[in-house]
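Attaching a single structure in C-alpha cells format; questions to follow.
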Amino acid sequence: MKKGVMRPGHIQIRVLDMDEALKHYRDLLGLIEMDRDDQGRVYLKGWTEVDKFSVVLRESDTPGMDFTGYKCVSEAVVDQLREELIAFGCQLEDIPAGELKGCGRRVRFDSPTGHHFEIYATKEQTGKWGLSPTNPEAWPRGLTGIKATRFDHCLLYGDDLDGTLKLFTEVLGFDLAEQVLDENNTRVAQFLTASMKAHDVAFIKHPEKNKFHHASFYLETWEDVLRAADLISMTDTSIDIGPTRHGLTHGKTIYFFDPSGNRSEVFCGGDYHYPDHEPVTWTTDSLGKAIFYHDRQLNERFLTALT
Amino acid sequence: MKKGVMRPGHIQIRVLDMDEALKHYRDLLGLIEMDRDDQGRVYLKGWTEVDKFSVVLRESDTPGMDFTGYKCVSEAVVDQLREELIAFGCQLEDIPAGELKGCGRRVRFDSPTGHHFEIYATKEQTGKWGLSPTNPEAWPRGLTGIKATRFDHCLLYGDDLDGTLKLFTEVLGFDLAEQVLDENNTRVAQFLTASMKAHDVAFIKHPEKNKFHHASFYLETWEDVLRAADLISMTDTSIDIGPTRHGLTHGKTIYFFDPSGNRSEVFCGGDYHYPDHEPVTWTTDSLGKAIFYHDRQLNERFLTALT
Amino acid sequence: MKKGVMRPGHIQIRVLDMDEALKHYRDLLGLIEMDRDDQGRVYLKGWTEVDKFSVVLRESDTPGMDFTGYKCVSEAVVDQLREELIAFGCQLEDIPAGELKGCGRRVRFDSPTGHHFEIYATKEQTGKWGLSPTNPEAWPRGLTGIKATRFDHCLLYGDDLDGTLKLFTEVLGFDLAEQVLDENNTRVAQFLTASMKAHDVAFIKHPEKNKFHHASFYLETWEDVLRAADLISMTDTSIDIGPTRHGLTHGKTIYFFDPSGNRSEVFCGGDYHYPDHEPVTWTTDSLGKAIFYHDRQLNERFLTALT
Amino acid sequence: MKKGVMRPGHIQIRVLDMDEALKHYRDLLGLIEMDRDDQGRVYLKGWTEVDKFSVVLRESDTPGMDFTGYKCVSEAVVDQLREELIAFGCQLEDIPAGELKGCGRRVRFDSPTGHHFEIYATKEQTGKWGLSPTNPEAWPRGLTGIKATRFDHCLLYGDDLDGTLKLFTEVLGFDLAEQVLDENNTRVAQFLTASMKAHDVAFIKHPEKNKFHHASFYLETWEDVLRAADLISMTDTSIDIGPTRHGLTHGKTIYFFDPSGNRSEVFCGGDYHYPDHEPVTWTTDSLGKAIFYHDRQLNERFLTALT
C-alpha cells in the first residue's frame, strides 16, 4: 500500500441471464446476495468481506467485465490519485456517490490495455457476514456451495502491458510481484499487488484490448478446492481445469465457467509479497508449468476462452 | 474375507532399467528398498506394511506386470483354494518357498483375462518400517518422496470379465464392490474386494488379454496427493492425470508413469465396502464421470496406455 | 471377518431428554433421523451407512449404553454363533424381528464385563443417504453439523477383560488389534476388530461392570475434526479433549459430551489391521501418550466420566 | 504499511545452551541455519523469507527476547521514523551496520511496556531457501522437522499497553487489528499489524515490564500443525497446548517450549486485516474462548510461563 490503494474492492461482471448467473455466483460460489438496484443489478460479497458488496452482476447481451474498483484509504487519496491519473493521460469519468448502492463517489479510468478501473474510498460497511463484531465465531453457519470467502483479484488480457504496468506501479503504487518473460525478455504476463497478496490484479499479453479472463475468489484450504471441484461436478458446471496448482504464485486452484461464459477461479494458498521482494520470474519456455504446475502444458482454452 | 484371502500382498512389475526404476519406486514413490536377490530383482514395501515386501521389480525387455499375489490367513486356506482353482480350470504352477526371498510357497494361477495371480500364506514379517512394535510413534522419520504407505491394488485390462469375476468371487471369496454397466447391462468394469477397501483388484474390459493399467499405492490425505503432484512435477515425471477424484470408489487420485511406461497411482480416501453392500453401479453414459469425476471425460491415454 | 461378524451395526444409547439429545446427535453430530417408534425411541444413521439405522436413542432416567449390536453376514451365522454363545456361558435373550423397526431378530448376550451386545443379520437397507445407488455423487448435499459418516465403534469400561477378550476372539472371531499392558503384562486396555479397522469395539479395565465411555463416529479428514471442534465451541457443547491424536490406533480425534453426559467421539484416520498383524502394544508407563499422543498425559475425566 | 514499516524482520532470542537451542529451532522447527558470528550468535530463517535471516539466537544466562526488528521500505523511512521516535520520547540506540552480519544500521528503541524494538531498511537478500528465483518450484526439498515457513510475530507481556499502542500506531503506522476489552472497556490485549496479517506484534497486559510470551512461525496448513504436534511428541518436546484454534485472529495453532523455557508457536490461517477494518473485539468474559477457541478456558501456563 505505497500510495493508499488497499485492495480490489469490487468487480462488475456482465451476465446474459441474471437468474442463471445467480445460480452460479450465489448458489454455487456461495457469495451472499446483499442488495439489488433499480437497474436490476445484483450485489454480492464473500462472507469475510467487511464492505457491503464486492461483486456486481449486470444483465447484458455480452458477457465480460465492466470494471474493477480498488478501495483507497481515504477520499484524499482518491483526490490525489485522480490528479495523477489525469497527468498519466487516462480518460476519466467521475461517478457520483450512490450510483452503486452504498458506495461513495468513484473515479473511473481506462488502462493502456483498454480495461476500465475505478478508485473509491467510501463504501457502507456491513461487517463480516453472519458474524458478530464482538467475540466473533470462526465462521458463520448457513453458508452455501463453495463458500467463497472474498473477491480476490481478476486476470485480464490486453495489448499494452508496459503501459499498464507503468500506470499501476507509478500512479497507483502497486508492485510487480510475478512476471513471465519471453526469450527476448519481453514481459508477456504481469501480476501486480498493492498488498501482501501475490496478485491484486494480473495481465496477460494479447493482441486484443479489454478482454476478461477470470474473476478469482479466495478459499481457505486445498480441501475447500476439492469441495469446489465436487460441487462443480455435481451441478454440471462447465469446468476448465483443476484441481491443480499454478507455478506463478503457487496457488492451488480450479477454473470453471459461469453460464454466460465468464471464467471463475477459486483458489487457496500461494506466495506472499512485500515491496522489497524481487519479482518472481517465469520464462516462456516453462510457460506450461508457470500456468499449470502439474500438467506442465497449457490447454487451448486458457488462451482463447475470453469474454 | 469370506474364504481366507486377506489382501494384495505383492506385485511383480517388469521394468526396462532397474536404476531408473528405483528412482521412481524408491526415491519418488518413497517405497523402502528391503532386499535384492540373485536374479537382480529388488524388493520394496510401503512403510505401513508389516510383511517384508510388497513390490518386486524385475528388469526385462518389456514393461508390465508379471503377477499379483494375495496373502491368505493360513497354509490350510492355500491348500483348500488350490484345489478349488484346479476345479475351476485354472492353469496352476507351484512356486517353492524362497523363490521370492522371505516368502513361503506360492500357488500361481491364470485368470480368464490372461493375468497371473498367486496365493500364499507365509512371508517374513519385518514390521512397520521405522516404528517400534511397542509404543509406536505416529509415523517414521526418514521417509522420502511421496511416502506411499502401502501397495493397495492393481487395475488390469482383459477380455473375459465374467469368467474372472466368477473366479474371484466363487473361488477366492471376493465381493463385487463397484461396476460399470453398458447400455446392454454388460459389465465393462469390475472392482473386487476381499476386505473393507473399495477394491483389492479391478478389471476393465479390453479385447487383448493380460494388460496392465496401473499399480496403486495408498496415501493418507488429499494434501498428500498434492505433495505427490508437486513431486511429480519437480522430478519431471510423466503425469497422466490429476489431482482429481474418481467417480468409481470416490478416491482422490493422481496417475503418472514410471520410466518404463508402467502407470502408477497414488490415492487417498474413497468408499468402504462390506459383504452386505449392493455393488455400486455406474453406467457407460456416465463413464467419463465414473473415471474422472471432475473433468467428466476420459482422456485417450486412460484407455490406450497399457503395458 | 473370521466367523461371519461384519461390523458394529447399531448402538442404543440412553438419554435424559430426547429433544436435547436430538440437538446433539442430529443437529450437531449430523446424524440423519430415519424413524421413531411407539416406545418413543429415535433412529438415526450416518450418511454413508447403507442400513436403515445405526444409532437408537432411548429416553431414560440414567444415561449410558443399553447395547451394541454386530451385523453378521447371514442368519445361519447368527444361528451358529447363538449356539457358541450359549456354550461360552453367556446369558442369552432372543429379541424378535421388529422390536427395532426395520431390524430382524437379534440375539442379545452379556459379556464378562457386564455389557450387553447383540448379533443380527437382517436390517432394512435404505442405501447411502442422499445418494443414488447408480452413478452416485461424492457426497450428499444437505448434511448438517459435523456430518458424521458412520457409527464406528464404542469404548467400554469393565472388570473382566480376559473373559471378554476370549468371548470376542474365540466366539465372535474378532482379533486383538491393539492393547495396553501394565508392568506385570496384565492387559488393561484391548482394542478388538472384526475388519480392517483398528477397533470395532474397545475395553478399558475398570473395577465396575457395564460402564460406557464413548460412542465414536467416523469423519473423513483432520479438517473435518477441526470443523467439529469449531461447531462444538459454537454450540457451547461440553468438550472433553481435542483436537488431538491417539497413540493407540493413531486416530485423530476430539471428545465431547451429549447433554446427558454420554461422551461422543469423532475421529479420522488411524491404523488398519489384518488378521496376520501382531497386536500393537502400548505399556502403562506410556499410557498418557497411548491415549493422548500430543499432551502425553491423561486428563482425570478420561478415567472417571463414565455413564 | 501506512508509514513505510513492512514487517517483523528479525527477533533475537536468548537461550541457555546453543546446541540444545539448535535442536529446537533448526532441527525441530526446521529453520535453516544461515550464519554464525564471532559473538557465537546463530542466524536462522524460514524457507520462504528472502532476507538472509530472521531469527538470531544468543547464548545467555537468562532466556527471553533481546529485541524484535521491523524492516522498513527505505533508509529514508528509517531516518524519518528515528526523528519521530525521539519526539515520542523513546530511548534510542543507533546500532551500526554489520553488528548483525549482513544487516545494515538499525535504530533500537524501547516501548512503554519495556521491550526493545528496532527498525532497519537494509539486509542482505539471499532469496527463498532452496528455490531458484526463476521458475521456482512450489517448495524446496531437503527441509527438516516442522518446516516453519517464516518468523511471523511475537507476543509480549507488559504494563503500559496504551502507551505502546500509541507508539506503534502513531509513530510506526501500525493498525489495531484485534483487542480484548475488560468490563471497564480497558484494553488488556492488543494485536497490531502493519500489513494484511492479523498481527505483526501483540501485547497482553501484565504488571511486569519486558516479558516475552512467544515467538510465532507460520505454517501453510492445519495438516502441518498436526505434523508439528506429532514431531513435538516424537522429540519429547515440552508442549503447552494444541493443536487448537485461537478465538482472537482465528488462527490454528500449537504452543510448545524451547529447552530454555521460551515458548514457540506454529500456526496457520487466521483473519486478514486492512486499514479500514474496525478492530475485532473480544471481551474478558469470553477470554478463555478468545485465547483457546475450543477449550474455552485458559490454562494457568498461558498467563504465567514467561521469559
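When the chains are written out, they are named A, B, C and D in that same order, and each has its own residue count from 1.
As a working rule, contacts are C-beta pairs under 8 Å (C-beta built on N, C-alpha and C of every residue); 3 or more make two chains touch, one makes a residue touch a chain.
Everything quoted here is computed from the prediction, not taken from an experiment.
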Centroid comparison with chain D (C-alpha atoms), farthest chain: B
Rotation angle (°) superposing Cα atoms of chain A on chain D, nearest 5: 180
Whole-Å gap between the CA centroids of chain A and chain D: 31
Intercentroid distance (Cα basis), chain D paired with chain B, Å: 48
Centroid spacing, where centroids are CA-atom means, of chain C and chain D in whole angstrom: 44
Numbers and ranges of chain C residues touching at least 2 other chains: 138, 221-223, 230, 233, 245, 289, 293
Chain contact graph, described as a line, ring, star, complete graph or other shape: complete
Chain A-facing residues of chain B, complex: 222-223, 226, 229-230, 232-233, 239, 242-245, 252, 254, 289, 293-296
Residue ranges of chain C in contact with chain B within the complex: 1-2, 6-7, 48, 50, 71, 73, 125, 127, 133-136, 138, 195-197, 220-222, 245, 247, 250, 269, 271-272, 274-278, 280-283, 286, 289-290, 293
Residue ranges of chain C touching chain A (in the complex, touch as defined): 137-139, 141, 221, 223, 230, 233-234
